[in-house]
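In what comes next, subunit A is part of two complexes: it sits with subunit B in the first one and with subunit C in the second one.
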Partner chain A sequence: MGYDYIRPASLEQALSLAAQGESALIAGGTDLLVALHKKKRPAPGRLISIRSLPELAGIRDEGARLRIGAAVPLADLLAHPAQARLPALAKALGVMGSRQIRNVATLGGTLCNASPGADAAPPLLALGAGVELAGPAGRRTLDLAEFFRGPGRTALQPGEIMTAVLVPWPGAGTQSHFLRRSRVAMDIATVSLAACFGLTNNRLSGVRLAAGAVAPVPLRLRATETFLEGKALTDETLAEAAKLARADVAPISDLRGTAWYRRELVGVFLARALRAGNGGKP
Partner chain B sequence: MSNPHFVGVETARPDAADKVSGRTQYIHDLAVPGMLWGAIRFSDHAHARIKHVDTSAAEKLPGVEAVITGYNTPEVRIGFVRDNFALKRDKVRQFRDEIAAVAARDPETARAAAALVRVEYEPLPGVFSLQEALAPGAVLVHETDAKGRPRKDNLVPVRFAHHSGDLEAGKRASKHIVEGEYRVPLIQQSCMGTAGCIASFDTRGNLTLIAKTQIPFLAQKDFNRALGALGLEGRNTRVVVPALGGGFGTGLDTHAYEYIAMLLAWRTGRPVKILYNREEEFAYLSPRQSATARIRQGCDANGKLTFREIEVTQDNGAYTSWGATFPSVMLVPATSLYRVQNISFESKIVYTNNTYCQAMRGYGNPEITWPIESSMDELAELAGLDPVEMRLLNSNQPGETTPMGLKITTCGLQECLERTAAGLNWKENRGKRRNVKRGFGLAGLINVAGGGKIYRSDGSGIILKPDDYGNVNVSYGGVEMGQGLHSVLALTIADTLGVRPEQVIVNQTDTSTCPWDVGTHASRGAFMACNAAVMAARKLKARLLEWAEEIFPVEVEEALAKARKHPGFKEPDFDWRGNCRPGCFELSDGILTIKGAPAVPELQVDFARLLRAIHFRRQGGGTTFAEEAFYEPPTELPDWEKGIGNMSATYAFGAQGVEVEVDEDTGEVKILRLVAAHDVGRVLNPQTLKGQIYGGLAQGIGYALYEEVLTDKGRILNPGFTDYKLPTAVEMGFPIDVQLVQTNDPEGPFGAKGVGEPGLVPTAPAIANAVYDAVGVRIRELPITPEKVLKALQEKRRR
Partner chain C sequence: MAKKILRCTVNGRQIELAVAPNQTLVQVLRDELNLTGTKVGCDMGTCGCCTVHINGKAKLSCLTLALECQGAQITTIEGLNQYELHPLQKAFAEKGGSQCGFCTPGFIMKSAALLAENPAPSREEIAAGLSGNLCRCTGYVKIYDAVEQAAQEMQRAEAPAPAPART
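Up next is the complex of A and B:
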C-alpha cells in the first residue's frame, strides 16, 4: 500500500496543499503510520510532510515563554538546556516510547494525535501552555486546555497546522512534578498526573493540576485546583483534594486498568505530587 | 573423558555470531522457487453452524490460484483425540476456526481473497468459562466424539489422577490444615519468531514441509497420516526444521495452518508458504491454558506434611492438543515436591468455546507449583515455622522413591533452599522489613530432568560422521530453538571424542538425514542429545584408535624420516613403537599421540590426517566413518489413571527467592533482587545454562506479574504486544544471583540434568510469598497486578 508523499519547502506551501483536502499531515509519523498500517484510519490520498518546515523548527527563549517548534523531535527538546527549567515536562518526555521513537516523534505530533493518555499533555497543561496554529484564515493561539476536544479530536480546523507550543516560564519558586503509572516500561500510561504550584510557609499558591488517561481528553483538575489555592498543605487538605480529584476525572475501564483503579491513582498521585513540595518522594 | 576441558567452560555458542549479525535464516527468510502464499479465513463467531460458504468472489481476485474449504478438500483430522479438522465443516467452535484458505501470488492478495470468502452462519450460544461449560445442561462444544458417538458433557476424554496412602488418616493426623483456590491465566508463549511453514510436493506425492516444529518425527507421522487422507498412502513427509526464533512448546503439536499449507500445495501443485504475523500468532495459535486448582494440605505439630489434596480444572478451549495433558506433569510436583504421604490428585479438562490450548515451557508444573508453594507458606505460618525451616523439614532426599514411584537419584533441593536463603540473608530479613514494605519469599521445585516418558519411546538417536578434513558432522533429530542445544552437543562431542568444539558441526534437523527423536520438550534436549552423543563418540573413538594401531606408526615414521633430514634433529627419548596400542593412544584437541609422549610434532598425528590416512590407505583398502547411537533412558511410561511411574531418568530440583517492595498506595510490586539456586547435575556450558535460567526467570516473572491473554466471550482482546505485556529490561533491571548446585547425576551426560524448564517453575509463588511478607496480603490469582494487590490491601484495612 503506497501513498503520495509531498515535502513542501515552506509553511505557506504546506498550508496551500493542506487546503486541498484529501491528505494527512505527517511529522514523525510514529502514530500516523502505525494507524495506517493497522487500518485504524482511512488511507489519505497523500501525506504532506511538515517535518522539515523551518517555521516549525527550533526552540527559542522568548523571554516570558519558551517557543517550541511543533516539529521539534522529543529527543531534541530533552537535550535542550530549557528542559532543566521544566522538570515535569522533561520527566514526561523521557518516558515516551523508546529512544528511537523520541528521535522522530515530535511535540506537535503527540498533541495533535490527541490521545487521552499523551504523556506530554498533563505537564504542558499544568504549565499553562498554549499552542500556535496557522491556517487559511491566518494565525491564532489557543490555550492547550481548549485544544483537546475528545479522543483523537482537536480544535484544529480543516487546513490548519500547529506551528508551535508556547510554554510560559514558571515563576520563581514554582515547582512542577509529573507522576505516571504504566503496566511495564514503554507502555501507554494507565494514569498520569502533573502538578505546578508554589509553596511558601506551607501554603499553596498558583496551583495547576492536570491528568492523563482518566477522561476523553487530558484535562485540568479545576475543582481541585480551586480548593487547594491558598490552603495549608496538611494531611486533611490532601485527603480532601484527593477526593475532589477523583471526582474531577471521568475514566473508563480498558485493557490498561479499571476506572476504579484510575480514580484511586489520581488521588494517590495528587497527594504525592503535593507532598513532593515539602521534599516528599513524588 | 576423565578430564573434560570443554564441558563446563564458558563457551560462546556456535550460532551466536550469525544470529546477532542477521545471517541466520528463519522461516520468515525462506522462499522456494514457484512459491505461493497461503492465507486463512477464520471464523467470525465463537460458536455457530456454518450454513453456507461462498468462495466465488475470492476466486475471481486476480492472483488467486486456489480457494479451498472443508467442502472441496478431503477431511484431515488433527489432534491426539482427533477432535479437530484442518478445515471446518458444519460448525465452528472458536473464533480461530479455519473455514477456508487461499493460495495466491503474494501474501497481500492471499489475505485480501480470504477476506472475500462469504460465510453464512447460524450463531449458537457458547460456553466461555469453566462454570458455564460444567453447568448441567450446558451447551455442548462437541456433540459427538471422534467416532461419532454422542457426548453428554464438555469433559475432554482424558484422565490423570493419583491416590495413595490414606487421605482421611492424613487429615486426622494433621495439627494444621490450609486450603485455597488458585488461578492461573491464559498466557502466550511469545516466541520472537512467529509461526510459519512451507509445504511442497514432488510429482510422486511426497511432501516436504519446512516447519517451525519441536517434534519433527511425530510431525512426520502426523503428516504421513494426512497424506493418507489425500489418497497418498505410503508416500512420505520430509520435515525440515529451519532456525527457530523460540519454541516454548508452540512446536509440540502439528497445526491446522500446516495442514492447510499441505492442502493448498497439493491443490495447486506449487509450494505454499503460510506465515503468521504477531496479531495472527496471538489470535490463531494455541496459548497456555488457564486453570483453577483447589489445594488442601496439612502438617503435624512439628511441621511434617501429613497429606495433600489437589483438584485441577483446566479450560481446554474448543479442541484438544497437548495442553490437555498438563496434569501428567502436574503429577510430579503434586506427589513428589517435598515428602508427603496420603495424596489425592484429580483433574478435569473442560471444553469451552475459547481458543484451544497447547503446551508451554513447564507444562503444568508452574500451574501446580503455584498453589503448592503458596500453601506451604500458609502452612508454615500456622505451624509457627519459618518457611525455609518448614521446607527443609520436608525436603526430598537422594535415594528416595516418591508416592508416584519417582526414583530420586541425586537431589540438591536442600542445598538449593539453603543457598537461596543465604543469598537473601533470610534470617535477618524475612518477616522483619514490613515497616518499609519490603518482603522476602521463596519457593522450591521439582522437574523432570532426564526425559519425560509420555510416548512409547522417549529415545534419541544421533549420527556422527567425520570427514576428510577433521570435521565431525552431527545429525541429531532434536531441535535447536534458541536454548543452546548445539553448543552443548559440540562441547560434549569434543570432550568425548577428543577434538575441538569448532570441529563439531551440527547439521540442520531433517527427518531424511537425522535419526529419530521424540521431540525437544520436557527439559530433555541436552540430556538426551548429549547422552546419545557420548555413546556415539565413544564408539567412534574406539574404532579410530583401533585403526591408529596401524596408521600411527606409518605416519610417525614418515614424519621422523622427514625430520631427520634437518641437522641437529634429536630422536625423541620415548619408546613410542612399544606403545602403539589402542589403550595407550590419546586423542585430545584433535591431536592423536601416545600417553606420556613428549609433545614433539613428529609424535603427533592431526585428527584430519588420521582420517585421511585411513580413508586413502595405501594398501588393503581404506574406509570412512559414521557412528550411530540411540539412547533410551531407563524410565517407565506411567499409568496415568493411577499416576504411578518413574517417567524421568533423573529429576531437577531448585529454589528461587526474591526481595520485593510493595507500594501500598498503588499496589505495585517491585522486585529488588532475586536468587535462583538450581540443581543442574553438572554444568555443560555455563553461558547457555545461565541463559536458560535467565530466560526462564523472565517468563516466570511475566507469569507472576504481567502476562494475561484477555478474552471476551471467546474473542481475544489483546492480540499483540501493545496490550499483552512482557517484562521489559526495565522490569528485569534487578540483580539476579544464579547459584548452580552440581549434584553430578550418574545417568546424566557428564553428570548433567535437564534445565530447560525449571527457571520459570517456582518464580510466581516465590513472589507471592514475598508480597505476603511485605504487606500481609495473599494473592491467589495470577498475574499479581497492582489492582489486585491494592484491592486486597483495602479489604485488609476494612477488616
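Up next is the complex of A and C:
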C-alpha cells in the first residue's frame, strides 16, 4: 500500500502528472480508498488529488444547461438552488451514503468509478447529460450513455480527467422521477430507475428512461422509450411498456437479488414512475 | 513511501507532523497525536464511529488521507468543548444515549454538525441526519432524545436574556 501522494495546483499540472502513468486520481476517495484498504485494487505508484482543482469546482447555469464541476461534493450540489429543477437527480444524490459521505463524494467520482448500480447514473442518463473530459489530446465532450463501457470501465483514455458533468435543463412541463430499491440503508441499489417525460392530455412525449444495477452498465431503455413516445397513458400501454423494459435489461443474480426479481422490479418501477405523472404514487 | 509534512490545526492547536502518504486521518489522530476519542469501527465508511469535523463539516476520518487535510481546521471529540461538557455530551449522559460508548464520539460529532446547520431539528430530521452512524446498544431512541434535549438547551443558551420585568 506504499503509494505516494501529490496535490497539483492546476488542471494542467494534474494532466501532465497523469500522463506519466503509474498513478490514480483521487477525488472524494470514498470508492477509491475503500478499494485500496480492502485490497480490491492494486496500489498505484501515486495518488493525484484532484478535489481542490479550481477547474473541477463550481456549479454554473450556462443558460441551456447546468455545468457541474466534476469535483463538486454531492452535499454542495444538494444545497445549490439548481437541485430544485432536477428533482430526480436530487432524490438520487440524497440517498447516496450518509451525510459524511456526501460531504466528500463527488459526481465525477461516482461516474468514473462506473459501478452498474451507481445511483446518480440513471437520473443523469434520463436527463440526457453529457460529460466533459480533458486529456493529453485536448478536450472533448461525450454523451453519458457513451461513457459507461462495463463494470468499472469507462471511455476515459489513459491520462484523461473528467472536468464537468453537463445537464441540459429539462423543458417546461417535463417531469422526472427516480425509484430505487436496496436491502438496507447505505447499501448499493438492487434496482434503480429514472424517468423523464412530458404528459399533456394523457399523451406521453419526450420519454427518456434509464435503469441501474440491471446490466453491466447503467443504461437507457431505448426500445421502451420508442414504444412509449406519443402513446396515451393507459393500463394497456403500461403493461406493454413494462414487458419491453424487462427485455431491455440484462441483470445478473447476486446477493442483492435474482435476475428474475430485478427484471420484475424494472417493470414495476416503470409503471409507478409513469403513473406518478398522473398524480399516482411513485 | 517517503513521509511528507502535514500542517494543520487540530482542536485549536497548530500541528506539524511527518506522515506517510497512505496514513488516514484517524490513524494520525489516534496513533500520532494520542487523540483516541475518535474510534475506528468498520474502517470502510459505513459506521460513522470515526466522524470528525474538517473545516466545520462532518467527515469520516477513516476515509480521509491525512495529507488531504493540509491547512485544514480539524475538531475531534476532545476539542468539542475544552472546558466543560458540551450540551450534547451532557444530554447523552443524562438520557442514556450512550451505553457501551464506542459509537458515542461519532454520534456527538455528527449531532454537533447537524445542530450547527439546523438548530431545531424535528425528530425525523434528527433520525435522517444521524442515519450514517450505527449504534448496536441503544436502539437509537435515547440518542434522539439526547439530541432533542441538547438542541433545546443550546437554543435557550442562545436566546437573548428576557427583558427585566417592569413594575
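Going forward, the second predicted complex is superposed on the first by the 280 of 282 C-alpha atoms of A that agree within 3 Å, B and C clash if a C-alpha of one lies under 4 Å from a C-alpha of the other, contacts with A are read in each partner's own complex, and residues count from 1 in each chain.
Criterion: contacts are C-beta pairs under 8 Å (C-beta built on N, C-alpha and C of every residue); 3 or more make two chains touch, one makes a residue touch a chain.
Please read these numbers as outputs of a predicted model, since none were measured by experiment.
By the touch criterion defined above, A:104 lies against subunit C but remains apart from subunit B after alignment on the C-alpha atoms of chain A. In the overlay built on the shared chain, the residue A:29 is in contact with subunit C alone; subunit B does not reach it.
Once the two structures are superposed, subunit B and subunit C can be ranked by residues of subunit A touched, with C on top.
Of the two partner chains placed by superposition, A:223 touches none, neither subunit B nor subunit C.
In the overlay built on the shared chain, the residue A:265 is in contact with subunit B alone; subunit C does not reach it. Contact with subunit B, but none with subunit C, is seen for A:181 once the two complexes are overlaid on the shared chain.
By the document's definition of touching, of the two partners only subunit B reaches A:257; subunit C does not. In the superposition on chain A, the residues of subunit A contacting both subunit B and subunit C are 185-186. Residues 665-666, 668, 706, 710, 717-718, 722-723, 725-731, 786-787, 790 of subunit B are the ones touching subunit A in the complex. Contact residues of subunit C toward subunit A in the complex are 1-2, 4, 20-22, 24, 43-46, 48, 51, 57-60, 63-65, 67-68, 70, 110, 113, 129, 131-133. Note for the complex: subunit A touches subunit C at residues 1-5, 7, 26, 29-30, 33-34, 36-38, 43, 46-47, 49, 51, 75, 97-101, 103-104, 185-186. Within the complex formed with subunit B, the subunit A residues making contact are 181, 183-188, 255-258, 260-261, 264-265, 268, 272.
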